[in-house]
Amino acid sequence: QTTEGYWQGVQKAGTLRCGAAVAPPYVMRDPATGEYSGFFADLCKEFADVLKVKPEFVDTTWDNIVAGLQAGKWDLSLALNRTPTRAMAVQFSIPAMEYQISLAYNKNNPKIAAGAASVADIDKAGVTLAVMSGTAQDKAISAAVKNATVMRLPGNDETRLAVTSKRADILVDASDTNQLFTQSNPEWAVALNPTPALAKQGVAFGLPHNLSAADVEVVDIFLEEKVATGHVDELIKKAVDDVLKGAK
Amino acid sequence: MTLDFSILLRFENALLLGLWMTLKLTVICIVLGCTLGFLVGLMRTSRNLALRAASGAYVEFFRGTPVLIQLFWIFFCLPLLLGVELSNMVSGVIALTLYMGAITSETFRASLKSIGREQLDACVALGLPKRAQVVNVVLPQAVLRAIPTLLSNCVSLFKESALVSAVGMADLMFVGQNISNNTARPVEVLTVVALIYFVIAFPLTRAVSLIEGRILKKLAI
Amino acid sequence: MTTSFSLPLVKMQALHKSYGNGAIQVLKGIDIEMKPGERVVVIGPSGSGKSTLLRVMMGLEQIDSGSVNFDGKPYISSDGAGRKTQIDTNVRRSIGMVFQHYTLFPHLNVLQNLILAPCKVRGEAKAKAAARAQALLERFGLGAKSKAYPAQLSGGQKQRVAIARALMLDPKLMLFDEVTSALDPELVSEVEQVILQLAAQDMPMMIVTHDMWFAKNIASRVIFCAGGVVVEDGPPEQVLGAPREERTKEFIDRVFHIKQ
Amino acid sequence: MTTSFSLPLVKMQALHKSYGNGAIQVLKGIDIEMKPGERVVVIGPSGSGKSTLLRVMMGLEQIDSGSVNFDGKPYISSDGAGRKTQIDTNVRRSIGMVFQHYTLFPHLNVLQNLILAPCKVRGEAKAKAAARAQALLERFGLGAKSKAYPAQLSGGQKQRVAIARALMLDPKLMLFDEVTSALDPELVSEVEQVILQLAAQDMPMMIVTHDMWFAKNIASRVIFCAGGVVVEDGPPEQVLGAPREERTKEFIDRVFHIKQ
Amino acid sequence: MNYTFDFNAVTLAPLLQGLWVSLQLTAAANVIGIVFGFALALLIMSPYRVLRLPFMLFVEFFRCTPAIVQIVWIFYCVPMLFDVFLDPVTMGIMALGLNLMAFNAEAYRASIQAVPREQLDAGIALGLNPLQRVLYIVFPTAFRASIPVLLTNGIVIFQQSALVAIVAIQDLMYQGKTLATETYRPIETFTVVALIYFAVSFPITQIVGLLERRRQILVS
């Protein structure tokens, strides 16, 4: 035999290494135990079951989630948005879900007009937008704003900290992620889904560049079924519930 | 705003786990880094020009660039270049060991240089063989003189190790930020994290001055 | 000693030595013959090459050209063609040297300083070397100090230990380079007494000193060096008391103030 | 000088001084009277308190009890009740001191070293002070060195500059603490000649030295201190040549080797 | 190795912009560190315990905690605790400046204490009053003696300034990270960034070495 499939190699190694950067409810990390949850983490565990190997989560940041995949530090990256530029560096599975970007902010913040609805409404000089560096929302918002300042921070922790500490005015993140944030800070945090939408992209597994079409297909077929049966939606609901429960 | 440090009690284990990672990383890199530093220190005083140039370039480069960029480079570039997979832990160890090696090699070089020529003259006058000169005279003095600075280097390494959080290693700093996000209590968490670093580093710096005094007295330098 | 008395112990011939690739000529042709039992005191202005001469004798320096024979055997030689100086390390072991600045090993105690060389060079048993060392220390009034570290000793004690250390290898010639000039005036005599004690046992030695009294009392012969050559060479009464050369006289007057 | 010749220039009374809160008693009751024009050489074993005595005179040290009068005026006093020593800084300005280790200011050149005090202390004009300084330097054979930095000078030159610097304030008393003992033997005499030159102009001085020849040539009076008290005090011929006290004799023999 | 390099992807313009910010941060932090570090040194050497202790604690705290913790703390916790909002670069300068102040204060203290006692004795013997002694003897010698350490600390702060990228100040490191994620060319980008840092630091370290060697010759 000339070429052995990538996943056979993973089976030989016995562990499936998943690069994980935090973005609730997609990927969450329990600070007390260091364990991962969230629906993409769950999907990963299920894929590991299919391969009959143990999943292993490798801590990383959004900045490095593509670089780490390129560097062979893990076998797949969790919750990666499908964008053309990324596709030149790594491969993608089919999307597990669609996502869109929302803007979360402090409702007492005078810089944000009451009726703000579009990106243009908030795109003013002096307004700071916090975003996780290297994410799809980073790319999208950077392309969309002209006057506001984009503040790129390494992770979910820092972006939320920036808005909480008023270092930034608006938190640009996936709408699901932001929803969790506003729900756990109901006193002051609100979110808006800008119209027209900033980006509608699929969220998928990122896969190494050198994977063969057959290897990619393994993941695609796995996901196809999970999406079609509504299993993914169940997982999302469970993750959101977990977060909201934890916040209380 | 009102501060509430009690929420941290819930995360005692997490902080300890992060600290454990920090300490593990620090200790491993101290051992490897000192060994590397000693060898490089010897190379830098060698008569061989190539050895001297290579070791000099290594030291100057690592002392002349931010540790953060060294970490990024070793985490994401080295595996690509070498074509091998390196785990986070291995990458972290490589990066911090190279950093530690560069700074300790300077320490060893200085302590080797501080052994006066008279000591070597005395060795020759006593007819000591080369091996005894190195093993019984030069080495013990060089190590003794290097100890205080080596300890300071260890404290520096301990502090610099916090940077691995930026490449996603779950050390004390990383865990701290993680908790602060989950609890929305950054002030309390970050303050406690800073205090933990302080509580470990401060006694070490005190020890440095104590030991320095002793060694200076003993060697009457 | 096995040498017959007619043979010279040291025979230096046309020694040339420079520093910095010939930039600073320090020894410009030194010929000295020294008989066994002689105690040669070398005096001369600062920078005249006295220390260099002793260091060459000890095999610590390369030479440009010339040769030294010791005890009838060739010891140091250089053909002047830029090749490395040939030094016979076996011969070198029969010469001991004490320096101006106490060069004890600071991390070893007195006893360890004394037995390091015998154990490492001659493979002597530790216990035996320690016994010899203790005896030497007693003789020099340092019996109680064998466990002390150099930093705990006075300058005079350090120099006496340094002398004892050199004697542990039973040298056939001792070199002393201004061994008292870093000492407090009061400590000078305790060190000089020890050297005088050695002299009484006919130990051959070459001594550089600025101490007039000591020079007079220890020398069997005095050599005055200046500008890298031997200017005057003779018994102490002559060189120190009634020098024949004008340069010697001028130097003695200036440094020793004795004539005023 | 305005003082009448019968008045003492310095009058120390019952000086007591200890270090470490009384742990080390260094001066145990010193009474010395010094007449104008006298040149007092102080000798004594190491640790006997000679430097301490000079430092007290210079107002550099607190004392436990006793007093010093200078030129008829109270200068230093302490009541022994643990209160701070009273030092009259105006009187202090009429005393100059030169130390064993060259204490030139390394960041100033020779001229700047000399004019610092006159300009800052007495508010003298820079040009005038510089002219005086240059004249002094010429007198000491250092005319060409006024722009040099201390690191570029030999030890002997440094000490001569230090002496010139002290003289810039026209002191009525000069203190010299082993000013030649850190020098190469050859450089000693150039410094001693400068001090002898001052002596020829009747400058009152107190000198600590271990140089026998210098002591004999400069002293109008020699004081031997030991154990914190004055043991013997008299003309140089007596104290150095035929000491009356056993301790003085023993010390002179040991340090100066003169009798052998 | 089957990697093909493509340095064309690395556009220098944003990196140089970032370098400019890094240099500004470094320069401003150094001004703070050199000037206020000296005042701090005097405070930690004060004869009064009540004055000395809090400032010693300040110095030790900055010397014994990671710079990244300090930066993150100052960036997020200071606004939350004290309700002050300064622009990011100012905050960065503050964080780096405070850090450098602590290290420079130590350097000053060491060299002030290293002024030999004899120098002060000579000052007294020449009739200089205490203020004049400090002004004309202690300051000049101590300051000169600390120059190599101050320069070294200055370079270290230039390198530490890379940490502000983590709080999104647009310095060289930040621009490098952005470029690396935009182009997916981390090797080339990080290599160029490292070389830029090195190109700035290296000449200064050489100067420090030179100064130190010259000082040793002067002192001996």
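Observations on the model:
For clarity, chains are labelled A, B, C, D and E in written order, and residue numbers in each chain start from 1.
Throughout what follows, a residue touches a chain if its C-beta (ideal position, glycine included) is under 8 Å from a C-beta of that chain, and two chains touch if they have at least 3 such contacts.
Protein names from UniProt, one per chain: B, E = Amino acid ABC transporter permease; C, D = Amino acid ABC transporter ATP-binding protein.
What you see is a predicted model, and the numbers here were worked out from it, not measured in a lab.
Separation of chain A from chain B in touch steps, taking the shortest path, is 1.
When chain pairs are compared by their number of contacting C-beta pairs, B-E comes first. Put simply, the chain farthest from chain E by mean CA position is C. Comparing the centres of all chains, each the average of its CA atoms, the largest separation from chain D belongs to A. Taking each chain's centre as the average of its CA atoms, chain A and chain C sit 81 Å apart. Computed from the mean C-alpha positions, the centre of chain C lies at a distance of 37 Å from the centre of chain D. Remark: chain D and chain E have CA centroids separated by 46 Å (rounded to whole angstrom). Across the assembly, chain D contributes no residue in contact with two or more other chains. Residues of chain A found to touch two or more other chains are 67, 70, 154, 158, 161, 164-165. In chain B, the residues touching two or more other chains are 76-77, 80, 166, 177, 186.
You'll find the chains touch as A-B, A-E, B-C, B-E, C-D, D-E. Chain A makes touch with chain B in their complex at residues 21-22, 29, 31-34, 58-61, 64, 67-68, 70-73, 154-158, 160-161, 164-165, 184-185, 246.
By the touch rule above, chain E contacts chain A in their complex via residues 75-77, 79-80, 85, 88, 166-168, 174, 177-178, 180-182, 184, 186.
Across the complex, chain B meets chain E through its residues 1, 60-61, 63-70, 72-73, 76-77, 80-83, 155, 159-163, 165-166, 173, 177, 186-187, 190-191, 193-194, 197-198, 201-202, 205.
Interface residues of chain C facing chain D in the complex, by the touch rule stated above, are 45-46, 181, 184-189, 210, 213-214, 217, 254-255, 257-258, 260.
If you check the complex, the residues on chain C that touch chain B are 55, 58-60, 89, 92-93, 95-97, 99, 101, 103-107, 116-117, 120-121, 149-151, 165-166, 169.
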